[in-house]
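Below, subunit A partners subunit B and then partners subunit C, in two separate complexes.
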Partner chain A sequence: MSDIVYDIPEVKETAVRHTLAVLVDNEFGVLARVIGLFSGRGYNIESLTVAEVEHDQKLSRITIVTSGSEMVIEQIKRLLERMVPVHKVNDLTTEGVHIEREVTLVKIRNNTPNTEEALRIADVFRARAVDTSQDSFVFEVTDTSDKIDAFIDLMRPLGMTEMARSGVVAIAAGKKK
Partner chain B sequence: MQRARKNSAPKEDPAPMEITGAEMVVRAIVEQGTDTVFGYPGGAVLPIYDALFKQNSLRHILMRHEQAATHAAEGYARSTGKVAAVIVTSGPGATNAVTGLTDALMDSIPMVCITGQVPSHLIGSDAFQEADTTGITRSCTKYNYLVRDVNDLGRIMHEAFYIARIGRPGPVLVDVPKNILNQSGVYSGKQVSERKSYNPQTVGSERQVEKAIELMANAKRPVFYVGGGIVNAGEEACKHLTDFVRMTGFPITNTLMGLGSFPASDPQFIGMLGMHGSLEANMAMHDCDVMICIGARFDDRVTGKLDGFSPKSKKIHVDIDPSSISKNVHAHVAIIGDAGIVVGQMANAWKKRNPQLDKTAYKNWWKQIDGWRAKNSFSYQSVKNVIKPQYALEQLYEAVRKRDFYVTTDVGQHQMWAAQFLKFERPLRWMTSGGLGTMGYGFPSAIGVQIAHPGKTVICVTGEASFLMNIQELSTVAQYNLPVKILLLNNGYMGMVRQWQEMFHGERYSESFMDGLPDFVKLAEAYGIKGLRATKVSEAEKVIKEMLAHKGPVLVDMVVDKSENVYPMIPAGAAHNEIVLGPDSRNDGKLDKNQV
Partner chain C sequence: MSDIVYDIPEVKETAVRHTLAVLVDNEFGVLARVIGLFSGRGYNIESLTVAEVEHDQKLSRITIVTSGSEMVIEQIKRLLERMVPVHKVNDLTTEGVHIEREVTLVKIRNNTPNTEEALRIADVFRARAVDTSQDSFVFEVTDTSDKIDAFIDLMRPLGMTEMARSGVVAIAAGKKK
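Then we have the complex of A and B:
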C-alpha cells in the first residue's frame, strides 16, 4: 500500500495527462470492471491497452492514459487500487522517467504524384513498409504518441486512406545513478 | 458419490469430495457460518432448491419478491455482523435483486448473492429468463463472478464470502449456470482463501495516529463525528470507541448510519448531525477546531455546502477505504485502517501522551454546546385533535426503552423522526437505508432481523407510501409467524416529497398525495395478522402497548398529522450555519447572530 494517502496533493484545477500501469488478475470481466469505473464516474480514457504479462500467475497489465485535475487523478488511482482484482497501480507520470510507445499502421495510395514524397517522409520517421500492392503501401511506425501524431498529420494530405493505432504501452525507466 | 444425509450437518471434511455444484453452494454457505439464506426459487436454481430440500443445516426463508430477499439479507447482516446469503433465479430474479445489491454497496453491508443462470452453452442466445447478470451488476457489487467450471465453484463461493467480509464490507454476486449446478466436481472444503490482489490495510500507521493525538491534545473545540464504519467493525469496536470518547471528554455526534455506536443517553452525545440533525450537532461541527471523523464519509447530507463546511477546523479521518479520504473534504491527518483497531491504537496513544486539556476552553466549548441544546431543535407542537408523528415515536420509545429492541425504518419523514426520537444505547439495533434511501427497505429488513433474533422485539417504523412497496411480505410474516411489529405512520402523503414541494416548489403537491390507500387493518387481517388502528391522541399510547404485548405479528395503522414537517433542516446546497429551525423550537425561527 503506497503512501499516497498521507501526502495529499494541493488542489490544482488544470487538467494533467497521466499514464497509469495497472496490474490485474487475468479473469473474466476484469477489463469491463476497470472501464466501467471510468465510464460510471465520468473519467476520461485517452487510450487503453491490455495484454497478459504473466501466464502462470494469470496477470495482465492495463496501460491507461487519462487526464483530469490532480484530485481526480488521485481519486482514480485509489478507486482502482481498492478493486478486488487489481494488484497494483503505478502512476508512471509521477514515478520518475518512463518510456512510452505506440504502434500505428498507415495505408497510403501507391502510384500517385505524392507517393515519392510519402516514401521520403516515411524514411525520416524510420517507418517500415510492411505491405505493398498495386494500389497501396502499409507503413508501420513505433514511436511516442507525439511523433505518431506528427507522422499521421504529414501523411494525411499525401494519399493516406486508412489508419490504425494501438494505444500507449509504457514502462518505467531503469534507475540511473 | 457422497450425498449429505438428512438430519446431518456437513462436517468440515479436509479430504476433497466429489459432489454436485448445487451441493457445493449449500455446503459452502454453511461452512462460512451463515445459517440462513433468503431467496425465491426459479427454473435456473431448481438444483439448489433440490439440494436444500435434502438437508437440514441451512434454513431457507421464502420471501415474496427478490428485492425483499436482498433487503431481508441486509437486515440479517446489519443486526448480526455476519455475511448474509441470498439465492435468486436467473433473468428477472437477478434484475429484481439489483436494488438490494446497490443498497448494500452504498451502506457497506456484507452479502453474497447467488443467482442462477441459463446453461453455459445458451449464454448469449437470448434464452428464456436469460440476462447479462454479471454485466448488469458489475457496478452495483463489490465484485462478481460467472462460474465456468464446476471445479472452481467451491473456491469461488469461499472467496465471495471473504471479499464480502473484509475491508469495506459489500455485496458479492456469484452467477452459476444451471448445467454447472447439476454437474459433479471436486470440492475441497473451506480453504483459507485469501486473494493476493485484495489485502486491505487494517492497522493504522502509528506515525499518523501520533499526529492525530497531538492535534486532539491541543484542541480547544473538538468534536467526534462517527458513522457506520464503526458499526461494521462490530460491537467490541463500538465499546472501544465509547471508552475512548469518555476518556477524552469530547462531544460526539453520529451520522444516520452510526446511531447506536455510542450510548445516546450519555451527556457527551449531542445528537445526529446532517440535513435533519440537531442544532447542537451541526453547529458544533461548523464551529469546531478539530474534527475526528471515524468510519464516516462526509456524505452530502452531512456536509451541506462543501465550501461552507466547517471552514476553520482541522480534520482527522479514520477510514478503511482509501478512496473515501479527501474525496469531498480535505483530511489533514488520514489514518487508513479498521475503525475498531485504529480507535484502540488512538486510545493507547492518548493514554501514553496523557494530555492536560485547556480547562477554560473546554468549559466554554461545552457552554456553547449547551446553549445550542437549550434551543431544543427537535421540539414540536403537541395538539389535542390529531396524533403528531413525533408524539407517536416518543410513545414508542417510552414503551420499549427498558428492553433490547431492534428498529428498521423505510425512507422519508418517518425515518428522520425515528432517528431523532428513538435513542439507541447499543449498535446493531438500528437498520435503515442511508446511502441509497430505498423505500420498501424497512419491512423485509425487519423480517431479516427477526429471523436472526427470534426472541427479540423487532419494530418496523414505516410510512404508508414506503410500506406499499414491499407489502407482499405480509405473506412471509404470516408463513413463518414472525412477531414483527409494524408501526405505520399514516399521513396520506409521501411526507418528505410533500415537505420539499411545500418549501421549494411553491406548495405544488405534484403526485405526492397517496390516493387509493387500503384499509391497512383489514389488509393485515386478510393475511391472518392482527391489525390495530389509532386515530386519537388518547389512543396512541394504549395501541402501542397492545402492539408490543401481542405475541404474534401486528400492524398498527397510526393516523398522524398530514402537514407536519421535519425540523431542523439544512436546505440542500446550504451551509451548516444556515440551518432552518422549526416554528416550535425556542428560537422564533432565527439564530442568535453571536452564536453563528
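Then we have the complex of A and C:
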C-alpha cells in the first residue's frame, strides 16, 4: 500500500464535429438502418436531415452532423460505406469549404412589453414573419447553426413559446481559383 | 361455376398527408425507435426532421410528414403516444392552419448558356446565392415543399449538379380572431 497518487496524463482524443453527406437508395428501412448504425454503437448524431434528391433513380441524401475522435469518424465512414443501400459517403468537413444551413420556425407572443424588441432582433437576423395574429408571430429564419442558436437564445426570454428546427443541410462550396 | 363477373366496388380509403409534431426525450436511441415504429409496420415517412428544442429539459421535436388512410394515421398517433420517451403528439393537419417550411441548397453550373436563366429563376423564388465560383453557384431557398419542388424542376435542366434538402419543419399558426 502506498499513498503516492500517480498523476497519469489522460490520453483522450478531442471530439471533432464532422458533416457527412450520404447518398442512399430511397428504399424502405434504409434510414432506420443508418440511424441504427449510430445508436447501436453509441455514436453521436448532432443533426440529421434526409430527402429524396433523384426521383428517377430513387436516391435520397442524408446529411449527418456527428462528433467523435478522428478514429471514431473514420470508423463511422467505413461502416456507412459498407452498407449495401449506401452509394457514396462524402465527409464535407475534410473535403474543403462547405456551406451549412438550417431553417427554424419560432413562435413569439405578440402584444407584450417585449414585442418591439423581438421584432428588432428578427430584423437583424433577417427572420421573416410568416404568420401574424393578435397573440403571436411565427418567424422563419434560415442560417448557420451558430446564428440560429444565437437567435433562439435572444428570443427565448422575449416570449418564445414554440419552435421547430430542421437540422443541418450541407453542400461543398465551388472551387475558388 | 358461372361466367358472371361481379363488379364489386373497391373499398379503398384515400391516402392523406399528415404532418405530426412529436415532442420526445432527447435521449440516445429515441429517433431510432420512432423511425423503427414506421419502418417495422410499413408506414410511410415522406419527410422527417429532428432537433433539440429545450436544452435544459433535454427535449427534441421530431416533425414527421406521413401519408396513409385516416385509420393508419390514427394508429400511428396512438402508437407514438404509447412510447415512453414521447411526451406529446400534435397532428398539425387536423389541428387547424399550420406553417410548413423546408430549406434546400442547390448547386448550379456557372458560365453556361443557361446561367442567365438560372439566375432569373433564383430571383423569382427569392433564392439567395450563398457561394459563387467560376464553376458554380450555390443557392439557398426556403419555402413550402411545393415551391421547392417547382424550383428544383426548373433548375434541374439548367445545370443543377447537386442538392441537399432538409425536409419539413412545421408549427401551428396563431388563432385568427
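By definition in this document, the second predicted complex is superposed on the first by the 165 of 177 C-alpha atoms of A that agree within 3 Å, B and C clash if a C-alpha of one lies under 4 Å from a C-alpha of the other, contacts with A are read in each partner's own complex, and residues count from 1 in each chain.
We adopt the following convention: a residue touches a chain if its C-beta (ideal position, glycine included) is under 8 Å from a C-beta of that chain, and two chains touch if they have at least 3 such contacts.
These numbers were taken from a predicted model, which means no experiment stands behind them.
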| item | value |
| --- | --- |
| Which of subunit B and subunit C A:V84 touches, first, second, both or neither | first |
| Which of subunit B and subunit C A:A32 touches, first, second, both or neither | both |
| Per-residue contact with subunit A, leading partner among subunit C and subunit B | C |
| Subunit B versus subunit C as contact partner of A:T132, first or second or both or neither | second |
| Partner chain(s) touched by A:T14 [first = subunit B, second = subunit C, both, neither] | neither |
| Touching partner for A:Q75 - first (subunit B), second (subunit C), both, neither | first |
| Which superposed partner A:N111 touches (first subunit B, second subunit C, both, neither) | neither |
| Touching both subunit B and subunit C, residues of subunit A | 28-29, 32, 36 |
| Partner subunit B, residues of subunit A touching it in the complex | 1, 4-6, 8, 11, 24-25, 28-29, 32-33, 36, 40, 71, 74-75, 78-79, 81-87 |
| Contact footprint of subunit A on subunit C as seen in their complex | 21, 28-29, 31-32, 35-36, 38-39, 42, 45, 47-53, 61, 63, 99, 101-105, 107, 110, 130-138, 140, 142, 162-167, 169-177 |
| Subunit B residues touching subunit A - in the complex, by the definition given at the top | 134-135, 138-139, 142-144, 146, 148, 163, 167-168, 195-198, 200-201, 205, 208, 321-323, 325-327, 330-331, 334, 336 |
